[in-house]
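Each chain gets a letter, A, B, C and D, in the order it is written, and its residues are counted from 1.
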Amino acid sequence: MTELPISLDLIAERNAVHAEALEEDYAALGRKLSRTGIDIDAIKERVAGFSVAVPSWGAGRGGTRFAKFPIAGEPTNIHEKLEDCAVIQQLSRVTPRVSPHFPWDKVNDYKALREEAAALGLGWDAVNSNTFQDQVGQAHTYANGSLAAQDAATRQQAVDHNIECIEIGRQLGSTDLTVWVGDGTNFPGQQDLGRSLDRYLEAASKIYAALPDDWRMLLEHKMFEPAFYSTVISDWGSSILAAQELGPKAKCLVDLGHHAPNVNIEQIVARLHRFGKLGGFHFNDSKYGDDDLDSGSINPHQLFLVFNELVEAELNPRDGFNPSYMIDQSHNVTDPIESMLSSAETITQCFAKAQLVDREALHAAQEANDTMMAFQALRRAYNVDVAPILAKARVEAGGAIDVLEAYRLSQYRSRKAQERKAVGLGAGIV
Amino acid sequence: MTELPISLDLIAERNAVHAEALEEDYAALGRKLSRTGIDIDAIKERVAGFSVAVPSWGAGRGGTRFAKFPIAGEPTNIHEKLEDCAVIQQLSRVTPRVSPHFPWDKVNDYKALREEAAALGLGWDAVNSNTFQDQVGQAHTYANGSLAAQDAATRQQAVDHNIECIEIGRQLGSTDLTVWVGDGTNFPGQQDLGRSLDRYLEAASKIYAALPDDWRMLLEHKMFEPAFYSTVISDWGSSILAAQELGPKAKCLVDLGHHAPNVNIEQIVARLHRFGKLGGFHFNDSKYGDDDLDSGSINPHQLFLVFNELVEAELNPRDGFNPSYMIDQSHNVTDPIESMLSSAETITQCFAKAQLVDREALHAAQEANDTMMAFQALRRAYNVDVAPILAKARVEAGGAIDVLEAYRLSQYRSRKAQERKAVGLGAGIV
Amino acid sequence: MTELPISLDLIAERNAVHAEALEEDYAALGRKLSRTGIDIDAIKERVAGFSVAVPSWGAGRGGTRFAKFPIAGEPTNIHEKLEDCAVIQQLSRVTPRVSPHFPWDKVNDYKALREEAAALGLGWDAVNSNTFQDQVGQAHTYANGSLAAQDAATRQQAVDHNIECIEIGRQLGSTDLTVWVGDGTNFPGQQDLGRSLDRYLEAASKIYAALPDDWRMLLEHKMFEPAFYSTVISDWGSSILAAQELGPKAKCLVDLGHHAPNVNIEQIVARLHRFGKLGGFHFNDSKYGDDDLDSGSINPHQLFLVFNELVEAELNPRDGFNPSYMIDQSHNVTDPIESMLSSAETITQCFAKAQLVDREALHAAQEANDTMMAFQALRRAYNVDVAPILAKARVEAGGAIDVLEAYRLSQYRSRKAQERKAVGLGAGIV
Amino acid sequence: MTELPISLDLIAERNAVHAEALEEDYAALGRKLSRTGIDIDAIKERVAGFSVAVPSWGAGRGGTRFAKFPIAGEPTNIHEKLEDCAVIQQLSRVTPRVSPHFPWDKVNDYKALREEAAALGLGWDAVNSNTFQDQVGQAHTYANGSLAAQDAATRQQAVDHNIECIEIGRQLGSTDLTVWVGDGTNFPGQQDLGRSLDRYLEAASKIYAALPDDWRMLLEHKMFEPAFYSTVISDWGSSILAAQELGPKAKCLVDLGHHAPNVNIEQIVARLHRFGKLGGFHFNDSKYGDDDLDSGSINPHQLFLVFNELVEAELNPRDGFNPSYMIDQSHNVTDPIESMLSSAETITQCFAKAQLVDREALHAAQEANDTMMAFQALRRAYNVDVAPILAKARVEAGGAIDVLEAYRLSQYRSRKAQERKAVGLGAGIV
């Protein structure tokens, strides 16, 4: 087995420093929770069972059309990205799977890649196709769309690429294909809004037909960007109707940053679940658009409310409950490893807080139209500082009590800065 | 037959004054259009066939939670409202139907009401139920919802009221029931987002079951107000899924002001049509929320783009094309008759401009990915000043060339101010 | 001295029940905070020094243009409202001042009113004028504006009313006049956007001239509602420029719900402070517009970030730091007393969390461009459950540990429902 | 003198084809306008006096962080960009100035560049600095900001660059420096919101001090992107306060896409004018964010309302009226020359329509609180199809009646595709 990237001694040493404080805080929280009938160890077990995937591309520094500012030691290929993801998993113990993106992560030998990941303690999550960019040597441009393109050969090329992604995913052990397309328009009239959806559905159904029996096709909607007047799968309504047309293996994926301003995302989660089409999440946060900021950095309460819906959905599964969780952020100003460590922590906190809601009290208040007490049932859980629960679960799984501290002390990035080749300036496109 | 409210002599006299200018402008526009192969008279005929309903309540002055400022001569009952609607229809000749709202427009004898309207040249459009307010003596409050209320008796009361509306509508000659509910929440947790929709669907299905064979049930979604955290039918996605569950007679109604900021409403129109659920429109305009401003007063181009989708839908009817059109505005600072005259004109202009689009050129450009020429095909039509076409159609149908001028010269409002009882101040609720 | 509305015995009895748990939680939090060098008692003292005013009108149930659903026992005059405010203060011990609104709270004898409040443990906060509604018998309508009205007599009437409010405020012991006007337009062209501001400034300067030396005039901006195309003081930019023109006693008041979607409100706070014009706050929360929801119920993190700016401002006072704090919510679906108890708690929590930020670490990280650690400095403070600190401060001041529990057990509302006259249905304006 | 890029014969030939139709339409419009007392030739003269600058970078294809799709024949240096701008000016006759961007447009000899432009019929508009990207070999990175950076050497580097831009601009004959910075944050706490503005102002004042007497410094605000939590000059309020601090030569520039959703931009124009700080415009359109779509393609009515404010401002100049006009768009899916031809036409149409407003009627209606007639005064002008006026002005100045037709027939782009070197794929940054 490959050596894990962070020294076990370092982790152990730092955990020893923090152990006493953790025990004290965990015990105090345990007493507090026990007063309302909650067993902290049971919550800790649920937290220990939670996980969220990280995207291979998230290991690199992100940017905007204006610029990308690289950092020393950035990964430039899937092997280096895997190593970085292994750091996140080693320290946090909640990110055991990596979601690859093709053709960005193409290699010659996927069996070897799967083994390489396994040696680092990593498995594989949903496979992501890319038909929003042209690759060198590509036969047909995606300048005018991909799955919804006017040109049949372009659509077929996009279908073929997605089917190739499924094939790669099978070799890696994935069971989900996530399909996000940039197709859309910048001008009224540019495309017929009805016929472009027809073309999308026709092409998507060819991909759907190639899905193995145990796979799902996750449709990811987005309101705007890169298209700025219309996008073919712009909202959850378009997404679920498309998923209905495609069939039972097609589900909807919710990226938290892909909605119109002010939209109630937790209700969208409830709606998708209600109609049997909740497929998964791309976690991030935003203030303005698809800002791809760190999960919960802007509105952690919204993230909690999403998890509250997920707990309700699990308790009331209707047509099943099996959402896929992934972080999807653009780390423009931080070390991507640090952002994913911090984000995984925040996501898990929201998961844990949602577990703490007194659902009996909540449902009783709802049934009695006791608005204030229903709200308080959520708010009391949200206000709990669950950090000790997460830290305890983490340390028991071999992770670090203070993940950022351990990472910084490891000097992982500066070591990589010496090993890895430098990344050039992102010139900006504007 | 009842005398129409505006003097025919006045209309004839003013039309005579404007006739020569209209002929000149109409001829000039005819020559211009003929250069691109368009027969202006054919367009005029299509305009002559267009109509949009007016809501009975729109005849009264609107207001906000802060205040309502009444005007002298406001109508205070359905009879006076009908008279005002008759003015709009007499002058504009595009608003031949009135949409009633119950219990606001309740009378003892609906047969007589139907005849009263007919004598004024008016028919009846969709019937609107009201379960967002409590009426004096009502058994169960809607404070906690109506069709989605927790309490079964409240839900049944709301169902019964809607069924009563259908019965009244049958007597009036309507064939549509529009259902908008204020149900929703102001706090996270106040209601379970999944179960509240279950309750809505169960109640709505009882109303649906009571629909006559030739009736439709139009579901009107709204993002927010009066509920400010969630609403049960908040967006077109919720609306169409509800309509699917209810059955083929359930369709979706688009109010232009009920969407999240920045949303592409014309694409929603295309989506609803694509999936066979486009039921109709409530026309108005807005800058911020459900401002209920005059149609096209803020963004006339958006209204044109909506009509462009409607023309495409009519040409490509898929599962049929029969949308219901109604004005739904809150006239807080104008004479409601003037606002509806102006709005009917703007709506008809957008309809006319959409007819002028060179669809062959548009579709050819779309197929060739010629974005600029596709856009120009729309823009050239939008830029045409179609006023002469509308005026010509109007005068041929007995209306006024300059509707606002004729209305003002008629002194209708000041006459009513002397006849009608005064309306009290709206105290404001805040 | 008047008897306080809630039984002291009840409070004492319930506090006794919770005392042990509070001591335990307070001690545990104290140990945790002490590890990072924070003295919990010092924080508790700062919390004990914090207060926020409540608005007299907030004691009544709110509503929308669609409906108002009253509750039994609602107050219908300033005396009953004062009694309700006394309940909030008695239990929470952070709301010692009431903000009155005229003419709603008019009485004949303000000296007596002041004494009545004092006997209930209440003082007076900013006086609010009302020129957005017409009152019966009013000489000039505000239908076309007040301070910015075209008509000079209307403007003078609005000026006179504000000066009368100052005079009343002097008798009550207030030192702030809050001026919010509904002036604006619903149509492009309705008013000249430049000249309407000229008129506003001319009228406002007359009010300014009547301010006593130790008074401030707080200008409250609002993006929209009741006007839906433009408002004369629509944003903080208009507000601060107006305050600059008026003079040093004019300051800007930030209502959290009066901004465009997505706007960074905490930065507005920083800007107003930077330029010497931060006057105060109306606390509430919103998801869509001026929803007037309970403070922190939708986005508690934003409220924390606002208080974080306030702590920074206090540490770096530039031209002074003396903001006025008030709750301003519309309690449409809850008992207003419960909402204000809950909101006062949430506001105080955010104040307390902002006190916990390790400012040295924050500033060091900012100076080092260490984005992640700067963010973590805020986030660690935000994550702390400060409830024990607030409860401890409250109980030491004579309040209740669990304010909602004590209120419910007191059966205050049901007692008032028997004593007070019923409020009629709000008919809705639409 | 350099030969102009489009054949004069081609233009003359096509104009001859369209001449008769233009005369007919112009005459008909003239008769129509004369009925309301407007002399069409006077309007045409005003249109002939109108112009708007084009940005050098706008001649290249734009893109997003996801991809850039180049087109054959794109310009790759300032010489080729000038040639493309010359096409736009030759055909449209309303874009006689080019706005350069440094270091993108750096050359060795600016005197020669000025002459090169002059030979193509082009002058120079505002100079744009670039401190939002790093250039190869740059001493200090802008990753953490430029004028507002924590690091003093970085700030000085940004100041020096701006001063160099002024120097280049003097050689070119410019008199404006436009300063837009990407400075801001992606995380709460990343920077102190007050101190970052202090640093910005300190650095900006050094640039201000280097301005020649007849120059202006145009501050361009932007709500978000590339920073997604806060930006240092985020809104017009920050912009005007900064301009006040800097001095009378500092003015505010309004980019139509840099605002929060729903914001009333025409009122911002009125406010900036009211307080003596209206400096100029970057014209474009948007539906969601800073979409940089073609001017007026999404909301032409808003553009008209902006020009309506400009006409009012010119009539009531207060502290002067001299705004700078520039197109600033990202041409992601069209030939940039076609987009700028179309956009210049749309902008000029809005200018022309604003000239047609019956201001006497508008002001009279405003003074009488006659909302409907005030609105109609604007709407009647907006509805006029002013194309004949623009075409007539254009042809008299040597331009083409149908600019897009002439451009396409010239085969300019395909000729350049053979001459110019190919542009590589924009890989996308994500």
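Basically, a residue touches a chain if its C-beta (ideal position, glycine included) is under 8 Å from a C-beta of that chain, and two chains touch if they have at least 3 such contacts.
The shown structure was predicted, so the numbers you read here are calculated from the model rather than taken from an experiment.
Using the contact threshold fixed earlier, the set of chains in contact with both subunit C and subunit D is A, B. Greatest centre-to-centre distance from subunit A is found for B, with centres as Cα means. Work out the mean CA point of subunit A and of subunit C, and you get 39 Å between them. Subunit A and subunit B have CA centres that are 42 Å apart. Multi-chain contact residues of subunit A (touching two or more other chains): 143-144, 185-188, 190, 223-224, 229, 261-262, 264, 287-288, 294, 297-298, 333-334, 371-372, 375, 379.
Contact residues of subunit B toward subunit D in the complex are 21, 24-25, 28-29, 31-32, 35, 261-262, 264, 287-288, 294, 297-302, 333-335, 338-339, 342, 349, 371-373, 375-376, 379, 382-385, 387, 404. On the side of subunit A, the complex with subunit D involves touching residues 57, 62-69, 132-136, 141-144, 182, 185-188, 190, 223-226, 228-229, 261, 286-289, 291-294, 297-298, 330, 332-334, 425-430.
If you check the complex, the residues on subunit C that touch subunit D are 144, 150-151, 185-194, 197-198, 223-224, 229-230, 234-238, 240-241, 259-264, 266-268, 270-271, 273-275, 305, 308-309, 312-313, 316, 318, 362-363, 365-369, 371-372, 374-375, 377-379.
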